[in-house]
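Going by the order they are written in, the chains are A, B, C and D; count residues from 1 in each one.
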Amino acid sequence: MTGLKIAVIGGGSSYTPELLEGIINNQELLRVEELWLVDIEEGKQKLSIIEGLVKRMIQASGHSVKIIATFNRQEAIKGADYIITQFRVGQLKMRRYDEYIAIKHRVIGQETTGAGGFMKALRTIPVILDICNDIEQLAPEAWLLNFTNPAGIVTEAVLKHSDVKVIGLCNNPINYYKKFAAIYNVSMNDVSINFTGINHLLWLTELYIKGESRIKDVFHGCSDIYEAKNIPDFGWDLQFLRSLGAIPCGYHKYYYQSDQILQQQLEEFKRNETRADQVQKIERELFATYQNPNLIEKPKVLEQRGGAYYSEAAVHLMKSIELNTKEVHTLNVRNNGAISCLPINACIEVNCVVERHQVTPLQVGQVSPQIRGLLQHVKAYEELTVEAGVNGDKGVAHQALTSHPLIPSAEQAKTILKEMFFVNKEFLPQFKI
Amino acid sequence: MTGLKIAVIGGGSSYTPELLEGIINNQELLRVEELWLVDIEEGKQKLSIIEGLVKRMIQASGHSVKIIATFNRQEAIKGADYIITQFRVGQLKMRRYDEYIAIKHRVIGQETTGAGGFMKALRTIPVILDICNDIEQLAPEAWLLNFTNPAGIVTEAVLKHSDVKVIGLCNNPINYYKKFAAIYNVSMNDVSINFTGINHLLWLTELYIKGESRIKDVFHGCSDIYEAKNIPDFGWDLQFLRSLGAIPCGYHKYYYQSDQILQQQLEEFKRNETRADQVQKIERELFATYQNPNLIEKPKVLEQRGGAYYSEAAVHLMKSIELNTKEVHTLNVRNNGAISCLPINACIEVNCVVERHQVTPLQVGQVSPQIRGLLQHVKAYEELTVEAGVNGDKGVAHQALTSHPLIPSAEQAKTILKEMFFVNKEFLPQFKI
Amino acid sequence: MTGLKIAVIGGGSSYTPELLEGIINNQELLRVEELWLVDIEEGKQKLSIIEGLVKRMIQASGHSVKIIATFNRQEAIKGADYIITQFRVGQLKMRRYDEYIAIKHRVIGQETTGAGGFMKALRTIPVILDICNDIEQLAPEAWLLNFTNPAGIVTEAVLKHSDVKVIGLCNNPINYYKKFAAIYNVSMNDVSINFTGINHLLWLTELYIKGESRIKDVFHGCSDIYEAKNIPDFGWDLQFLRSLGAIPCGYHKYYYQSDQILQQQLEEFKRNETRADQVQKIERELFATYQNPNLIEKPKVLEQRGGAYYSEAAVHLMKSIELNTKEVHTLNVRNNGAISCLPINACIEVNCVVERHQVTPLQVGQVSPQIRGLLQHVKAYEELTVEAGVNGDKGVAHQALTSHPLIPSAEQAKTILKEMFFVNKEFLPQFKI
Amino acid sequence: MTGLKIAVIGGGSSYTPELLEGIINNQELLRVEELWLVDIEEGKQKLSIIEGLVKRMIQASGHSVKIIATFNRQEAIKGADYIITQFRVGQLKMRRYDEYIAIKHRVIGQETTGAGGFMKALRTIPVILDICNDIEQLAPEAWLLNFTNPAGIVTEAVLKHSDVKVIGLCNNPINYYKKFAAIYNVSMNDVSINFTGINHLLWLTELYIKGESRIKDVFHGCSDIYEAKNIPDFGWDLQFLRSLGAIPCGYHKYYYQSDQILQQQLEEFKRNETRADQVQKIERELFATYQNPNLIEKPKVLEQRGGAYYSEAAVHLMKSIELNTKEVHTLNVRNNGAISCLPINACIEVNCVVERHQVTPLQVGQVSPQIRGLLQHVKAYEELTVEAGVNGDKGVAHQALTSHPLIPSAEQAKTILKEMFFVNKEFLPQFKI
């Protein structure tokens, strides 16, 4: 095989057309030969719809990528150059439970943070490590690009418990570049951002446009910032941003505005319409659209789903690796001392230089106390979550959830844990429940 | 002068008889010659009552310590060997505001932590630094023993912004020794405790009785632990303690049981009877008792006030310094790397070796993630609080309070801050309000 | 002015034509408008020869760069975009003393390390800080590109004692890229090298050609390595390289082969022909050549002088900054934690990402003990040398030299220091000798 | 058994009577019941002489300690409370080789540092780990007190490669206390010394007499310092000590005065009379004396042997452990962050608090660059030596010796290694030679 073999785990996801668009647009440099879409039997119908759309998109593009939809994960992984993970254990049904149980107990219910993100991590860790086991056997030289949320925790589990070359990816950073490039009407390369933090808890500590510091434009309301569509937007108090000395990311609202968010979630809860419900509705519509045999490109409506530019991030990263460009990407990697106040073996999200053989974080150095306290607290929670997810120790799981800044007490954590474990039983083989 | 000169700032405090008892019991070794009780004019009446009682206690003891009550702080400090600080800026009246404003906004209102402790720190820092200025001029060789709460933050302010030789003291550690010695019926020297943390956020990571590890006795409910009288006691979930792998201190309840504590505080609030109210009542009773000209010893009732054995801690410490005993005390000192995950210049509370000329922390080393996250979060809050307290920057104050794990949002922090600054105006000269 | 203004301190150096060639070859992108060649009055004759050659080179190139030769440093610095320092305090005459005094006492005499490098540092530090003072006043936004040796120590002095944006540059790293690109017949971009260390004590811990690890080629003698022309070449013991797990740079021979080097230097010493003598001879020839009015390009013979590709390093760096390319260069910058076993504020030589506004080191992480011991030892020597060079404390100078691994005793250090200070008197204003 | 069981490995050593004296003087508190003297068959004669003397000493003392001389190490270790190691693998014969081979190649030949100490470490590590294996099986609760040199390296090997509770002991620190107590005519408790470093590379960074800093007395020649009898004494340059800001220990002379020491050793070498020869002579005399059936106490002449007060150090340490005194001793223990510039798992020599169950280093914190460079360099050498000693990798051994600051080149290291390995063959089972 002279071109690339890519395996997408969770290939039946509604995001796949987004990825396809990225591949098609870069096929001349990337030269993808085979694209394997892997899913589980329960996702048969979705996978088949995606397969159809994807094949139509390829055909329309005039490129000749071979598309294989399969339930056989190992065959897909064997000899692959890249494995992309975007699966969701327990699907949206379990996400709905995550949100409802949390909110019922008056704590924030969210896919990647708080009690919800915690349970998603526990469900995902055994599966990703199983996939890594396959990769170690069948494609030891492959790069694993992980999108599965909570991407930071899942990537940390892989970094600590496998030998797979993994990179955690999020569409958050690229959206900041896109947005600022648009605002200042410059190319993306003219935008420089110093990022500090971890996945979904990412501070922008400096912004340069063509080498000039412009973060104060944001602090004084003269420049807009990127706001993810899937997070409520109450606006930021500019005074607060100025004394913070940094721009928080969208997910920071769960911490800096947790009372407002909780209030809104409690109302959604009453209406039986939390984010999981909304997403389920969007998904139904999307798949209905995808089935249209005349559809031969990514439909516009997908952008509302929340993962804008995620394919661009992935495809650009693969291009950088393949062409050994030594370019800077913002990625989830092993800390190794880049953020000196976090553990050496933690997964962090920072600017990295990408080479074909390695991804190296740029040195961040000291972190201000405004950022440091929350960052260290959440990272300790993540560390415990990885430990619980791998070892299946319920005591550690209890400590992890209690450690989360959004959980008000050890007892509350215990109650939530009990209810969540009850409905998640089948997805937690590592725990002897 | 051949004996010691001790100056007590906040000499009119109801705690002073406790200290006196300690001095009397150790006078043969300590040889105190002059004890200066310093207070401000507003505390005239209390100071006079205390002066009377203290003189009667001395007389009854048969020792000859000279007692001087004064408003002249500088005269008291001049040439002193020890300065003991136990003053309360704004007195109980302001403590009451601290508690009520916090609870009104549905966050925990407490003297040393949360929004209450934060405001007490901002009121105290300018005063303690002023005192340190006096010490640098008038008694540069003196040791400052600081009891004023929040003792960790106040001591950190002194460590960072003066050259005074300071030790922060709390009665918490000694009570654990006392309690375990009683439970196991051994001498205090036979009890060894490994402490990790900061003032009022102190974990016991190991307990040895005569060299045998006994922490599991606590984990399995076979051994009781010390519980401060001034903190609600809902009991500890033993399963939680086991997976924590450490014994939390009483003040941990504000974090590990914050919903329960808040519930109770909301009820006290409704009854107009928070802790400040209770303490005011106790204080009135105490001073009524103290006035009794027949009283010549510390009255039993003082023990309910909350500072049990605080005098023993202070007097033993002074004895260790004077006699250069190289004994181990649990004290608030500069980290200097002893807890490697906290800043070098942070104030920590750990076991220390006391010599006449220096107090050196024992190495603690690595801290488990269960402990680390919360510890680092609160320490970052403390660091910001010291900065705000010294520089009078309202933005930093806002960041500090927002950083506190018990505060749900930046907006909530702003509202509370505004109300608190309004009533505290006269005590915050460093802020241009 | 729309183009760049560049000031070269030490403009009369024999290296200047090399730099010119680089500028000419990149003038289309760089757009240099004015090139100021600054020197001191003692260097009048050389400066004039260089000025002539440089003007002829420019004219021949067809570009229109304005060349100004001057003794007025401040005028040259005023408003400059780049200041390039390549001056030599005390010129080759003092270098000769450095070498002879060292070798006379049977220790290695060398321009950048050992007793010789030490004295050069002490002579240079007051001058570079004086230049920085000018830059702070007259061109605060300028980048200072420092080539003056010992480049690591001199750059560290600037980093610690001025606000100037400084980068230390050496031609060592680029030569490794060139050499490996030639050996493997690939483009320089296809060569990736992981560097760890400090200037002139630089280990190559990994070598990748098109993403494949090839360092073992070197370990097994299947690949050559770059050897600087100005350092004796006894060959490397491949067994030693294998257990070292890294490729040492040429300057490592002064440590790993110090007995052989010393032996050779003792013989050169007897013949009155140390490196300084050789260089003086080369210089005389070079300037004779430069005077030829028909010479309109860099003469081939300059390559023997030792600074091969130094202009390419400098010009590429300026291009990266100007065009904000975010490319990777190997540079001397503030550590900031990139090499975790060295002080935060040390100057290190590692891969960095270059942006217009900042240069950020890539994270290096843990260093093997084989490398760590020598690296930390030499860095501590450098730290003391900077301190002595700035504060003029002879005790610190004695400690610095004693700390150097090539100096056998405190007494030997004292003797050498005494003799060196005697002949260097006029160049050490910071010491009250 | 109600009293203690102590096993002395290397019981036939000439030092044993020293230890006995210590035990006898403290028997009332220590209550030793059995003292096992273990040696190997080759040491039969010495062991028998020691056994005789020791039994006479006990009898004369009126105490009733059971003395058992044996070749059965496991029987001796079984159930012991303390194992004291003072054995010498290869005996003085191999020490003689160590010294001669080193000096022959013009590098310092010494028992604990340089090439000599290195070979002694390689011989000792397999034996000590074998002993630890026995202890883990037969006396898992026992404390191992290691005196075997190089004590720092040997203790680090045990710390890294066994679960035994080990403390490395040296008589160096106690001698400083003794000497200063004598000079200032105070009790040992009135002397406080801040120690920084590792075994035989120990700096005194502060000296307090009754709480007053007196280190300047040493710096100005007003106070003498302890000088070990077994190290040449050329005196210290007081100017050097002042700028060092610390008092070096005797073994520092091998670094700070290495040319003078080497000169002296070369002369001893010519006379066939290095330290090993001197010690052999002393040993012969000692054992002749020991044989005298009328000798019932430690003979005065033993003090010249070099280990003055070593028994006092050991016996006091055992007393502190037994009685859980929480006293401060200067010991070789796991760093754990106490010296922040050294690896976490390195063995360091610092002040420690001794409890029955644990020995905890006091925090040292930052180290000045004067001390740091040499300390880090030698520690990296030690780390490599432990690795080579355990894994038997000749490449690592070569790196270790090359890393030593007293070795001038990798080639020199290789030559010395080759000769040393040749004569040490039988003692290096871990190396496949």
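The rule is simple: contacts are C-beta pairs under 8 Å (C-beta built on N, C-alpha and C of every residue); 3 or more make two chains touch, one makes a residue touch a chain.
The UniProt protein names, listed by chain, are A, B, C, D = 6-phospho-beta-glucosidase.
Everything numeric in this text was worked out from a predicted model, so none of it was measured.
Asks: Let me spell it out: compute each chain's centre from its C-alpha atoms, then which one is farthest from chain B (6-phospho-beta-glucosidase)'s centre?
Replies: Chain centre farthest from chain B (6-phospho-beta-glucosidase)'s centre: C.
Asks: For chain C (6-phospho-beta-glucosidase) and chain D (6-phospho-beta-glucosidase), what's the span in angstrom between their mean Cα positions?
Replies: Roughly 45 Å, centre to centre.
Asks: Quick one: chain B (6-phospho-beta-glucosidase) and chain C (6-phospho-beta-glucosidase), Cα centre-to-centre, how many Å?
Replies: 56
Asks: What residues in chain C (6-phospho-beta-glucosidase) touch two or more of the other chains?
Replies: If we look for residues of chain C (6-phospho-beta-glucosidase) contacting two or more partner chains, we find none.
Asks: Which chains are in touch, pair by pair?
Replies: Every touching chain pair, ordered by label, is A-B, A-C, B-D, C-D.
Asks: Applying the document's contact rule, which stretches of chain A (6-phospho-beta-glucosidase) touch chain C (6-phospho-beta-glucosidase) when the two form their complex?
Replies: Touching chain C (6-phospho-beta-glucosidase): residues 189-190, 192, 208, 210-213, 324, 326-328, 336-338, 340, 344, 351, 353, 355-358, 360-363, 365-366 of chain A (6-phospho-beta-glucosidase).
Asks: Where on chain C (6-phospho-beta-glucosidase) is chain D (6-phospho-beta-glucosidase) touching in the complex?
Replies: Interface residues on chain C (6-phospho-beta-glucosidase), with respect to chain D (6-phospho-beta-glucosidase): 237, 239-240, 242-244, 256-260, 262, 341, 369-370, 372-374, 376-381, 383-384, 387, 393, 395-396, 398-399, 402-403, 405, 408-412, 414.
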